[in-house]
Each structure stands twice: as C-alpha cells, then as structure tokens.
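Heads up, the next two complexes both have chain A, just with different partners, chain B and then chain C.
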Partner chain A sequence: MRWIVRRAIIAFLTVFTAMTLSFFVIKAMPGDPIDALAQAFVRQYYMSYEEAYRLALAAAPFVPKGPVWKQYVEYMTKFFRGDLGVSISFSTGKKVAEILADAIPWTVLVVATSLVISFLMGIVIGMVMAYKHGSKLDSSLIVAFSILRSIPEYIVAILLLWILAFQMGLFPTGGRYDYWALELLKKGDVLAFLGNVLWHAALPILTWIITHISGWALAMRGSTIGVLGEDFITYAKVRGLPSRRIVIKYVGKNAILPLFTSFMLSLGFMFGGSIFIEFIFSYQGVGWVLYQSITQRDWYLMLGAFNIIIIAVVLGALLADMLYGFLDPRIRRGGTT
Partner chain B sequence: MDPILEVRNLHVVYRSPRGYVRAVDGVSMTVLDGEVLGIVGESGSGKTTLALTILRILPSNAKIVSGSILFRGSDLVSMDENALRDYRWKRISMVPQAALNALNPTMKILDHVLETAQAHGIRDRKYVIERISELLQMLRLEPERVLRSYPHELSGGMKQRVLIALALFLDPELIILDEPTTALDVLTQRFILDLLKDLHRKTGKTMIFITHDIAIIADVADRVGVMYAGKMVEIGDVYTIFRDPKHPYTKALIKSIPSLVGSVEDMKPIPGFPPDLINPPPGCRFHPRCPYAMDVCRSREPPAVELRPGHVVWCWLYAKR
Partner chain C sequence: MKISHLRLGVKAFIEDWILFPLSVIVHNVKALVGFIILLFYIAMATIGPHVVPYPRSFTCPPYLPPTIFRWPPSLEHPLGCDYIGTDIWAQIVWGSTTVLEIAFIAGIVTTLVGIAVGMIAGFLGGKVDAVLMAITDVVMTIPGLPLLIVLASVIRTSSPLVVGLMLSITAWAGLARAIRSQVLSLKYREFVEAAKALGMPTWHIVFREIMPNLMSFVAINFIFATVGAIYGSVGLYFLGVLPFTAFNWGIMLNMAFRQAGALYSLHTIHYLLAPIFAIIGLQIGLILFSYAIDEIFNPRLRARA
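On to the complex of A and B.
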C-alpha cells in the first residue's frame, strides 16, 4: 500500500512539473491570440493592422491579463478545481473542457482501434518472424518493416488519401461522419450511423496501423528470439508439453513482458492522437484541435489539450507499473501491497 | 543386467559460420538396467549434446549425422515426433542444472507439475498434488510452500530438488541428470548427492549422471564413461577406472583431483587446451596433449580395446598390432 501511495505522489509531482513547464513554454511562444486573430482579419478583410487589432480585441475578450506568474497561479488553481478555462480565439468563449470532451472520443476511437490492431498483429507477426528467424520470410519482413518505419505518417496519410479516397473513391476525404448519417441516427438507425463513422475513421486507422505495426513486430521479434534461447523452453519440450502451450504460456507470455510498458505508455499518448493524421484527414479529434489552437495561439485550449495528454501518459505509466506485478511475479512487491 | 539404452557410433554436428562443429563424434556406449552411469568430461567434450540427443531435443542448428540410439530395442534416432512424445518424460526424463533457469518465471511450481501431468494424460488434480507432495517430501521439501511458490522464490538447492521431483513424477525408466549439482554451494551439493544416492538405493532407477567433476562420479556412479573432444575415450566400472585408469587422459583427469591428504604438488594440470572441434586433430584427438603419443596416434584413430569385460579404452597404447 505504501508503495502505491509513493508512486501516486511521484506521479502527481510529474504531472505538476510537466504542466508548469508547458504553461511557461506556451507563454514564451512568439505571438499572442489577439495578434494571430488580427493577422487573420488582415488576410481576410484587407483591413489595416491597427483596425484589425482593435476588432480582434473586441472579438476575443478572454485574453488573460496581468503578470505571467499571476496568470499561472490562477490557471493552476482553477485547473485542479476542474475548470480548464475558456477558449480565447478558436471558439471564443466556449469552455475548453467542452471542446476537448467533444474531440476526445473521436481520437480515442481511432487510436484505440489502431493501437489494439497494430499491437496484436505486430505480436503475431513478430513471433512468426522469430520462429522462422534467418529465413527468407524473416529477412524480407525485416526490410519491409524497416522501410515502413522510416516513412513519416503524413506521407502515408497523403498517399492513402490520394489513392484510396481521391482516385478510387473508396473512402471519404475527411470529416468524422456525414450529416445525412446524423439524420439517420436521429431517426433511430444506430447501425447505419456507426457504419458511417467507421467508414470515415478507416483511413486514419489504416495510416496509424501502417506506421506503427513495424515497431511492435520488430520489438516482439527481438524479444521472442531472446526467450526462445531460454532453458525453460528446451526443458518444456523435454517434458513433452504440447507446442501450443509452449508457444502461448512459455514463449508468448515471457516475450510480451518487455513490450507491456510501451503499450501502456501508448495508451496514455492515445489521448493526444496524431496532429498530422487528424489534420490531413480533417478528422476533428484532439490532434486537430491542438493544431488549430497552436496556429491561433489559443493558449488555454493548447494548455488544456497538452495537460490531458500529460495526465493520461503519467496515469498510463503508473498503471503499467501497478499491473506489471500481475504479469511478472518476479517484480511483485512482497507483503504490504 | 540387461542393457536399457545402447548408443551406437553416434555422430552429431552443429552448424556454425566457420563450419560444422563435430560435438559428438562416433560415441558408443551401453547403459545397463538399474545402474548409475557417470559421464565425465570437460566443458565442450560433448556430454550435454549426448544427453540432448538421447532425448531428441537438439537445437535447430544441430544435426544427427549417423548412428543409432536403441532404447529397449527401439531406435530413438529414426523415431518421429509423435512417437517421441511417448518416450519423453514418461520413459526417459531429465534433470537439468537448476541455475539454468529451467522453470517458467511466470508460473508457479504447481502449474509446472499440473501441465506436465496433463501433457501425459493425467487430469486428476488431486492425484497429481498427492503424488508430487510425496516426492517433494522424500526430497525433504515442504510441498505446500514449494508448490505455491514461483521459481525465483526458491533457492538453488530447492529448485534442483523440484526439478528432480518433476523428473521422477511419471516414474520413468531412465533419468538423465545433466550437471545436477553444478552451481550449488558445496554443502547443498553434498546434500543433493546424498538424496540422489538414497533415491537410487530405494527405487533402483537407471540414471545417466553427467558432470565435469570426476570426484562426484566416484561417489555416485557404478560405471563411468570418460569423454574427450566429442569422443568416448574410456569406459568401465568406477572401481577399475579410479584404481587403474588406462587412458592417458583419464589418468591425467584423476591426477587433477585435489586430495585432502596429498600435497598440492601431486596435483597435475593437463598441459595444452582441448582441440577445436571444427578442425579436430587427425588420429587420436588427445595426441597433442598426450605424453605417450606415438606416430600412429597422429595419423590414425585409435581402436576400441576391451581390456577385460566391460572395461574399454580407445587408445593405441593397448592395441595389439
């Protein structure tokens, strides 16, 4: 029990430090929300900068004033009371919590699906590679995965968008769902709506899987090869255990252990989504909101999004630490827990 | 006594980037029903490979080139995986070195026992627990505590006894013990050896006891085979081999045992190193280190010479020419 309390305190301090850092880094960014808004007005309406600035000030009345440290204290006290502030320029006056609450489920849908699929596929492929290591299949997969790993996700996203959406018209080019599908939902046709949602999420999910599967597969391959060399594998064979059991209980379980922590951390990062993928597919999740808030210098919205990610990652790590003991008895803590 | 296992002219190689490693190179031996056969040799002499070959669990880069292993008359070398499943553990089991983590670190001891039983068609959980508890008690372990433990919660000596109990579980006809006392402290080593001797006295199980420590062999074995560089060089009953060793390597090996009474000067290390098994020396493998080497030793492999029934030495010194 004492161990959990200690780990929780450390986690809290980590969150606090990371939040503080991101607050001051964001404040130190060049430009401010009013300036960004004024620039937009200048581009849009061809007005003079002074005029645009006056207009922007009037349009965005929620810009924090006073010394930065006072803003910091105010922000933090409000944050821990559950108040994330209001958006300055992205959606002026709207609560940050509301904007994020609208975006998070969509990002989680895309990332959780892709994470689970790429993790499971990566593990199976990695194990097959390890069992056949040195074979033609193994070496060609290594080359393929190494290439896949070095292609950035925005390239994959643009390629998929161009080929599958524009050229072949198999998938929509963007958005979270179609409005006609929403109408169907209102009429009670839930399945049709869900189908539409999945159809829109397909390309972002595919992009994510393509760019992430190689990491899992190669890690699992390495880990499995290590386990296959262990004596307990040989000894399990001598005892006449069926190979199914050896593959799952002996090789699989022991080889997944080192991947478990990175999986839990990925679960935390899940809430951030991917700025590139969501931007390219105009998928309005957390990554997309983050992109908009950065270009518009919407400080509180940016902070809100970053802080959610920070908390999720730290919680993921904490959870990983706590659950690891269940998977690996060797690091289980004795007695008091 | 009848032979339970007969190894005939066995050749096993490992593929390596530099070429084939001839780990077991023409070994022949017979294990008699109810005896303890010790196999002694330094590391790399092929004794563990021999054990793995008998159980047919060689790693994928190893290959049986030729030879046969007859277990009660049926050849294990030509047997397919399905038929082997009936032999492994049920009829021939093995005790590995406990320090080589032979147990799955994520499973309790009881689960190891249960899965082993299940793999051989025993599903009665109560019977399994009773039987293993009996064995563990015989090996002076507390069954309740041990069965609930994970491997890392046990000491080396306890783990070794668990492995012995597991090997005895299905009451096999032959047990191969591969360095069962290596990596244990001297007192635990003594304790395990006494348990094994006691076990043999009570059950009369046939055992192959593999070790690099010739002093242990004298204590536990009825007969002993001495291996050097993938070859058997001398085999005979323990009394004869220790009192009157014939092969120069066996002589040197026995000389290298530190004695409590003699002075340290009487201990003689063997000059030189074991040969490279990818390109072994021609003729007798031991000739580069042998003080009695003759011309013929350098060119032709020594024949098996039976000095008296059961005592065979592979050495030109005793060949009638």
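On to the complex of A and C.
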C-alpha cells in the first residue's frame, strides 16, 4: 500500500512539472492572439484588417494580462479547481473545459477502438509468428512489419483518404458525422446516427490500425518466444495438458503481461499523436482542437489540451503499474517493493 | 618503428571498420539492398543539388505528367511538374538535402544525449540516478508532437541544425532509460568486476568494457532515432508550422494536400505521390540497413569473424 501512495505522489509531481514546463514554453510563443484572430477573420469573412482587428479586440477581456509568473500562479490554482479558462479564438469566450469535453469523446472513440483492434490482431499474429519462428513466413513478416512500422501515419492517412474516400467514394472525406444524421438522431433513430459516426471514424481508425499493428505483433512475437523457452511450458506439455489450453492459458497469458504497460501508455501517447490524423481527416477531436489552438495562439485552449494529454499519459502509466502488480503473481506475492 | 606501428593501426582500422562491415553487408541481402538505397539517397542529397538545376516556378507546363513513364521516356521533367510549373524531380532532390541533414543531426544528438544520461545514471546510481530518471520521466510524459509544434512556432527557423536539435528535445528520454537498464545489467558482470579488481580507471571500464557491449544496441537506436526524426521533421513541414523557406518533402506534401487539391483528380496525383515515395523509400532503406548492424557491432560475432 505504501508503494502505491509513493507512486501516486511521484505521478502528481510529474504532472505538475510537465504542466509548469509547458506553461512557460507556450507563454514564450511569439505572436499576438488578437492579431492572429484578426487575420483569421480577414481570411474567413473577407473583411478589411481594421474592421477585423476591432472585432478581434472584443475578445480582449479574455486575453491574459500581467506578469507571467502571476498568470502562472493564477492558471495553476484555477486549473486544480477545474477552471481551465476561456478560449480566445474558438467562438470567443467559450469555456476551454466545454470545448475539450466536446472533443475528447471523439478522440477516445477513435483511439480506443483502434488500440484494442490493433492490439488483439497484433497479439494473434505475433503468437503465430513465434510458434513458427525461423520459418519463411516469420522472417518475411518481420521485415514487412518493421518497414510498415517506420511509415509515418500521415502518409498512410493521405493514401487512404485519396484512394478510399476521394477516388472510390467509399468513406466520407472528413468530419465527425453528417448533419442529416444528426437530424435522424433528433427523430430518435439512434442506430442510423451511430452508423454514420462509425462510417466517419472508419478511416482514422484504419490508419491507426495499419500503423500500430506491426509494433504489437513484433513485441508479442519476442515475448512469446521468451515464454516458450520457460520450464513451466515444458512441464505443462509433459503433464499432457491439451495444447489449446497451453497456448491460451500458459503461453498467451504470460506473454501478454509485459506488453500490458505499453498498452496503457499508448492510450495517452496516441492522444498527442492524433494531431496528424485528425488534421488530415478534419476530425474535430483533441488533436484537431490542439492544432487549431496553436495556429490561433489560443493560449488557454492550448494549455488545456496539453495538460489533458499529460494527465492521460501519467494516469495511464500509474494504472499500468498498479494493475501490473495485481496481474503478476510474482509481484503480488513479493510484497515489499 | 613508429611508422610501421601506425601502418599496422591503420590496417587494423580498415579491416575492422571498413572491410569487415562491407563483407557483412554483402553477405546479407536485406542489408545490401538497404545499403544501396541509402547510398542513392546520400548521393542525391550531396551531389544532387550540383547536378540537378534549382527548382524554379513557371519553367514547365503546370501538372505535366511524369515523362519518365511516357514512350519514349524523357529525362527533361522525369517526375512531371507541380501546379505552378516547377519540376518535381528537382524539388525532391533539393529537398533531400535538408531532410537528410535534419535526420542525421537529430539522430546524433538524440543518441549522444541518451547515452550520456543513461550511462551516468546507470553507472553512478544513487541520488544522481534518481534525479536523472525523474527528469527523464517528465520528458517522456510531455506530449512530444504538440510540444514540437509549439517549439517550431516559438523558434520559427528552417535551419537544419536547429530543427534537428529541436527534434532531439523529446526523443532522447526513451533511449536514456533503455541504456540505463543495459548498464545496470552489465555493471556487475564478471568481466567488469575483473577490470575493477585489476584497478582499471573508470574511463577504461566505461569505454573499453561496457561500451563495446552496448554498441550494437546504440547503433540500432541511432537508426531508429533517424527514422523518427524524418517522421517528425517532414510531419512538421506537412502541418505547415515550420517556415517554407527551404525545400523539403513535407512542404511538397503540404502544398499537394492543401493548396493543389491533388486528392481530387487523377492527373494531379503525381505531385502528391512523389514525396510519399521519397519518404517511404528512405525509411525502407534505413530499416533494411539496420539488419546488418547487429552483426557489425556485436563483439562476440566480431571475434568469430
């Protein structure tokens, strides 16, 4: 129990330090948010710069003022009370917490679905590779996967968007759902709306799966080969246990354990990495909001999105450590550390 | 006497670091293919800009399809032209220089910082270890890509050196952790204990006993750091957060994706596909080449050769 408390304190300090660092880096960004907003108005509504600047000045009450350290103290105290400030650019004056609450579920939908699918597929493929290690199939899959892993997801995303959406018209070219689907939802047709949502999320999910499956398969292959050499597997075989049982209960379970930590960590990292995919598919999730906030110099929104990602990463690591302790009997019974 | 000594040293060096690696590469088909691909890219980045003319706009018909696939093939505009009549092959060649420079600098810096932090933490242990690992944990927590975008807009430079350094800021932490655990597992092995018992100085233990055992691990990670830096730098240019003052494949991707609307029609797609193939080819070359690394650097395999 003392171990968990210590681990939680370290996690909190990590969050605090990472938040502080990102606060000052973001504050060092050049560029005036009012100017950035005015230029956005000029582009969007074709108005003169003076007019746009006057309109942008209406946002002035929301632009933070005073010395940076005072802003820092104010921001941090408010943050831990749940007040993330207001957005300057995104429908000016809207609460950052509201914007993020609207964006997060969509990123979670895409990231969690693709993480689970690619993890499961990777585990099955990795185990098959391990059982056939040394074979032609194994060695060619290793090469194919290590190359696939090095191909950037933005390239996969662009290719999928070009072929499946623009040329073949199988999937929408962007957005989270169609407006007609929202009308259907209002009429009570939930299934049709969900179908539309999945149809829009399909390409982002497919991109993640294509780029992540190789990592899981290679990791599972290595882990399984390690387990296959262990004595308890030989013993189980000698005892004449059915091979299905050995594959699933003895090999599978023990080989997955070491992958578990990276599974939990991935969730947080994929949040940050969703910028490219959400940018390409104009999918309004956290990555999209973060990209927009950076180009608009929308400090509070940027900080809010950053800190949410930081907290997600640290929480994921913390949960992984704790669950790992429960799952691995050696740690569970070892007790002291 | 001294000269023959030096000659022996040079000969041993050539045998160890040129002839031996080459024989490994030649005997490994994957590594050989990777090596040839990498040589092609390095030639493109170094000699290319002296041979291929500077890409200028309005010098050929907009969206001219690649002439190399035409019959008879022509080399005038081998990959065709973009939306304002700039030769695409010239843009690929001139862009390769910055892509490779950034990747190389980021790879070197990431690896060196990772080695230094991991070695010091693992070797000294105690408070130093605790502090260094706390820093490493924080760096690993900060979302890398978003931070890079913010940094890119703070610094606003397209100097390959600065972009390379920037990409290393978040990249070293994972390697440092891995090196540290490797050092911890090597620290109490017999051969290190023996060197300590013989009263060997610390630098000898670090560079002569521990380092050689880490070399293949370090070299593989250098390649991975390079692959990661190509991903990062091209991605930042693609998002348009770095200034478009130099040539880079990411800028071409951005232009094709956002400005030129290459996705809509088939006769503009070569502008988008050219940088995509350039990036994928380079990554494939690096990964295939990495298959020779273990054999080249592994001290036990070396001894056998």
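As a working rule, the second predicted complex is superposed on the first by the 303 of 337 C-alpha atoms of A that agree within 3 Å, B and C clash if a C-alpha of one lies under 4 Å from a C-alpha of the other, contacts with A are read in each partner's own complex, and residues count from 1 in each chain.
The working rule: a contact is a pair of C-beta atoms (placed from the backbone, for glycine too) under 8 Å apart; a residue touches a chain by one contact, two chains touch by 3 or more.
Bear in mind that the values here come from a model prediction, so they are computed numbers and not experimental data.
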{"item": "Partner chain(s) touched by A:D138 [first = chain B, second = chain C, both, neither]", "value": "neither"}
{"item": "First, second, both or neither for A:P242, with chain B first and chain C second", "value": "first"}
{"item": "Which superposed partner A:D178 touches (first chain B, second chain C, both, neither)", "value": "neither"}
{"item": "First, second, both or neither for A:Y250, with chain B first and chain C second", "value": "first"}
{"item": "Comparison of chain B and chain C by chain A residues contacted", "value": "C"}
{"item": "Touching partner for A:D231 - first (chain B), second (chain C), both, neither", "value": "first"}
{"item": "Contacts of A:I275 with chain B and chain C, given as first, second, both or neither", "value": "second"}
{"item": "Complex contacts: residues of chain B adjacent to chain A", "value": "52, 55, 57, 59, 85, 88-90, 93-94, 96, 100-107, 115-116, 119-120, 150, 152, 166"}
{"item": "Interface residues, chain A side, partner chain C - complex", "value": "10, 13-15, 17-18, 21-22, 25-26, 28-31, 143, 146-147, 150-152, 154-155, 158-159, 161-162, 166-167, 173, 269, 271-273, 275-276, 279-280, 290-291, 294-295, 302, 305-306, 309-310, 313-314, 317"}
{"item": "Chain A to chain B touching residues, read off their complex", "value": "230-232, 234-242, 245, 249-250, 253-254, 257, 327-330"}
{"item": "Touch list for chain C against partner chain A, complex", "value": "30, 134, 137-138, 141-147, 149-151, 153-154, 156, 227, 231, 234-235, 238-239, 241, 253, 257, 262-264, 266, 269, 272, 276, 279-280, 283-284, 286-288, 290"}
